[in-house]
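Shared between the two complexes below is subunit A, which pairs with subunit B and subunit C, respectively.
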Partner chain A sequence: MITLEIDGRTVQARPGQTILEAARAAGIRIPTLCYLEGLSPRGSCRLCLVEVANWNGKLVPACATPAEEGMRVVTGSQRLKELRRMVLELLFAERNHICSICVSNGHCELQDLACELGMDAVRFPYRFPGLSLDASHEKFVYDPNRCVLCGRCVRACSEVEGAMTWGFAGRGVNTLVEPDLGGPWGESETCTGCGKCVQACPVGALAERGVATAEQEKRPQVLAEVTERRPRV
Partner chain B sequence: MSEAKGKVRVATVWLSGCSGCHMSLLDLDERLLELARKVELVYSPVVDIKGFPDGVDVTFVEGAVGNAEHLHLIQEIRKKSRLVVALGDCAVTGNVPSMRNPIPREEVLHEVYGEGEVPGLEEGEVPKLLPRALPLSMVVPVDGFLHGCPPPAERIWRFIQRLLSGEALTLSGEDLRFG
Partner chain C sequence: MRRLEVLLCSGTACLSSGAQEVKKALLSSLAAHGLAEEVRIVETGCMGPCELGPVMLIYPEGTFYIKVRPQDAEEIVVEHFLKGRPVARLLWREGAPSPQELPFFSRQRKVVLSNCGVIDPERIEEYIAAGGYEALGRALTEMSPEEVIEEIKRSGLRGRGGAGFPTGTKWELVRKAPGGEKYVICNADEGDPGAFMDRAILEGDPHAVLEGMAIAAYAVGAKSGYIYVRAEYPLAIRRLEEAISQARKLGLLGEDILETGFSFNVELRMGAGAFVCGEETALIASIEGRRGEPRPRPPYPAQSGLWGKPTLINNVETFANVRHIIQNGADWFSAIGTETSKGTKVFALAGQVRNTGLVEVPMGITLRELIFDVGGGVPEGRKFKAVQIGGPSGGCLPEGLLDVPVDYESLRGHGAIMGSGGVIVLDDSACMVNVAKFFLEFTAEESCGKCTPCRVGTQTMLSILNRITSGEGTEEDLQRLEELAQLVKSASLCGLGQTAPNPVLSTLRYFRDEYLAHIREGACPAGVCPALIHYRIDPELCRGCDACRRACPTGAISGTPGSPPYRIDQSLCIRCGACQAACPFGAIERLPGRKG
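And now, the complex of A and B:
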């Protein structure tokens, strides 16, 4: 076992476990968005950033950093609170997150994070991009206006379903999640219609067809439930 | 904070919104009587007054800044109010009025009014529509934010209590939920 310190508490981790896993096992909450149990970690949303005090306060994503012997981790300093809030504000400013008309209103991880991280307003100018909704699939709808580019759909599709329908296209702020190298989702040759991407999506970007405002509840834990039942190789 | 009878001078304004936030304000119900003992409503859609008065302590603004009149009014409000509070998601984020923002202004107006004479295209009897409906904080400094579409009356009440007791105008936790 590895022994490390998180917020002054002595915590143990198995070799290979991440800081986030060690913290969760000890009941210490670190906010996350792109992390989802059952999928490989990406460390792309930066909301789980923590400081390692004995690495000169270096910032590392807790979800993608292995716990190490003697590590002293800080999860809630003022600096981290400010950084996380800024990251969240940038996410809100980047697309058109209009909670009041969203299928995921009241069941949304982005909305929950605004409450948790104390975001009263966005200090950055909103971009208001013009993005088209894809309602071509017989079972699901994709609205890129609500996408946070966490990539949970991409990983659920490739790592759990094995279909590899979803992928990233474009770069930076113009990045889009797209099915089958672009084109309508309904015409995808690889999509199995399993819906794992919808369950993995933390916001209202992927939703079941026909749900109205605030009706889309999800079970992202289904990804871990599926992978835990699989035989280990 | 004192003018007439030591009461707090409060204004409420309705810009590009649906009046739902003002309805929520009225949902304070019997607490409005308690409020009436402490505040003087000096400007509001429910007050018969033409111009925005001087020396306002706090102005609650519902709605986004969507046209030239809103832009003029919010700047006047900022000059004449000690505190400006964004009341509801439209004022805080742009919300529903901002859904037109990705579409060019002219296209929006022609879609709504057809090809004939289009009000709002230029300054006239109807104020000119701005290219984008903006949250207040993208136009003027804002001192407090009340989330929700509309903000529940309980949330508004908690905010007003903080305001009247001179506490920081910040809410937390569930009170920061949009939508």
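And now, the complex of A and C:
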């Protein structure tokens, strides 16, 4: 076992466990967005950044950094709070996150994070890119205007379902999640219609058709449940 | 009998200014005068003064000709080769026929570039004649891998790709990493605007890189390696392929090298032009056939790199240093440079400097020596303003810091970085806000889009800078810009985002008054930002020739031919400057500040 310190508490971790896993096991909450149990960590949203005091205060993503012997981790300093709030503001400013007209209103991880981190206003100009909605699939709808590019759908599709329908296209602020190298989702030759991507999506970018907002509650834990039942290789 | 050798620079710059045509003309003149057997033309790698190309060096006496045109060939052959009188008008400076007499060359210290411009890079025999592959032979037959690592560690060599990580330590980490299979990767994805030292090394001395990689592979215990080179470097790719196949034929690469039992194979991988693929984890993802995106470190490539195996990844220039260290010893190498930065560094001089091109100087040289002695200073009639060092990840340093020594720590301490070695000299015609915007536009465009701070943060910074340069900025914007810059720097996933704010932060630090002039006075002091300048026709100088009115694309100028002065309607003027360029009397001036 590895012994490390998180927020002054001595915590144990198995070799290979991440800081986030060690913290959760000890009941210490670190905000996350692109992380989802059952999927490989991506470390891209930067909301789970923590400071490692004995690495000169270096910031590392808790979800993707293996716990190491003797590590002294700080998860909630003033610096981290400000930084997370700013990252969240950037995510809100990037596309269209008007909660009142979103299918995920009331059960959205982005919205919950804003409440948790006390983000009451966005100081940066909204970009509102005006992307076109894809309602071609018979069961689901994809609205890239709500997408936060966390890649949970991409990983659920490739790592759990094995279909590899979703992928990233473009780069920088023009990055888009697309099915089958672009083109309508409904015409996808690889999509199995399993809906794991929809359950994995933390926001209202992927949603079920014909289901009212109030009934749209997702079950992202399904990915962990599915993978846990699989034989380990 | 060979009497003379003409070393003709065939780097990309000289090729684009016509070196091949010069060669053809020389060959036909030589044939016409019956000198074909007496004079040999050698196509070499980059000699350095790229702006003066095509350049050539004639041995044995060492005459250096610049800006040679095909039509000069006959005169060179008749006057110089036949009659022995160098063609004075083609010399760089009157009375200084040889390079050693020119400060551009005499202030340099060529280690990595010692073969560039001297040997024919397409002939392995020339490389071997210049001592090539001796170091590999020595390492394989006289030294243990641990001894090689120890030698590199003692030399003090640090990564030349930008971050300056101690090379020997990196090698040791890979050597000690558990795992049977290991890889060596050469990072040749040179992407900084204005930097071309890696290209020059690959084009001018490809075997030096291969030899360095082979020694590294022996030291860390790898059997295969990759060179990740950008597809935009076709000549470098061709010469590398040629070099690999020649080295294989002689048993210097491949199986059982020099019959020592050590095997090392190298393959090329072409990059598709994404700047982020110069970041080591993104580069590895790209070699593996995945999207070129970085991933969080740790684990570092030394622990888990290519296909999850321990991987050594070094830059072109780093590998090119290795053979010299093994051949001449760590003490020789560490005697060059400063306490913490050993050896030399190759810089690409660009911008408003007389001698643009490629130079290699000892670490610790001051910026002033680099720019004014080697670079020749800013062109006549202009004043030095700043130097942008380290490319889009670097910073702008003002005149007051010209005596800062060029080493990793000093540059970082002042908000710039060594980076890959791009040096862009700016004169008083540059607007520093605009310069910062230029570099940020580059990094925002090249952001892969994976992490939030870099993807959205750089774009948001850019929109703030756009507001400032168009005269709509506020002092609150400046504060927001700084906050964002700090966020992107500290919270981004990889080096691209972590260094992207440097041009903004350094210009805010040293040229804040220029930002404030844009915001408070609505004026661009350098007269660059179109929204914050205006043009004026001097009534004293205007002769009413009508040229400006005809040049104006928006009909903003009115007047009657022959009855000056003409007038500019500021509400119609788009500040394109066409009138100023058209005026034969210099009557139109560009002034800072809005008008009308």
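Simple rule for what comes next: the second predicted complex is superposed on the first by the 229 of 233 C-alpha atoms of A that agree within 3 Å, B and C clash if a C-alpha of one lies under 4 Å from a C-alpha of the other, contacts with A are read in each partner's own complex, and residues count from 1 in each chain.
Heads up, the rule we're going with is that a residue touches a chain if its C-beta (ideal position, glycine included) is under 8 Å from a C-beta of that chain, and two chains touch if they have at least 3 such contacts.
Since we're looking at a predicted model, the values are computed, not measured.
By the touch criterion defined above, A:Gly195 lies against neither subunit B nor subunit C after alignment on the C-alpha atoms of chain A.
Of the two partner chains placed around the shared chain by superposition, subunit B is the only one that A:Ala114 touches, whereas subunit C remains out of contact. Shared-chain residue A:Met86: touches subunit C; no touch with subunit B. Looking at the shared chain after the overlay, A:Tyr126 reaches subunit B, while subunit C stays out of its contact range.
In the superposed model, A:Gly170 lies in contact with subunit C only, and not with subunit B.
Contacts of A:Ile101 after superposition on the shared chain: subunit B is touched, whereas subunit C is not.
Touch criterion not met for A:Gly76: it reaches neither subunit B nor subunit C. Once both structures are placed on chain A, subunit A residues 123, 125 are touched by subunit B and, in the other complex, by subunit C. Against subunit B, in their complex, subunit A makes its touches with residues 92, 96-102, 105-106, 111, 114-116, 118-123, 125-126, 128-131, 214.
Taken together, the subunit A residues at the contact with subunit C in this complex read 41-46, 49, 59-61, 64-66, 83, 86-87, 90-91, 93-94, 123-125, 127, 149, 167-168, 170-175. Residues of subunit B touching subunit A in their complex: 86, 89, 92-96, 98-99, 101-103, 132, 134-135, 137-138, 142, 144-145, 147, 149, 170-179. The touching residues of subunit C, when paired with subunit A in their complex, are 274, 276, 291, 293, 295-296, 298-299, 444-453, 455-460, 463, 480, 483-484, 487, 490-493.
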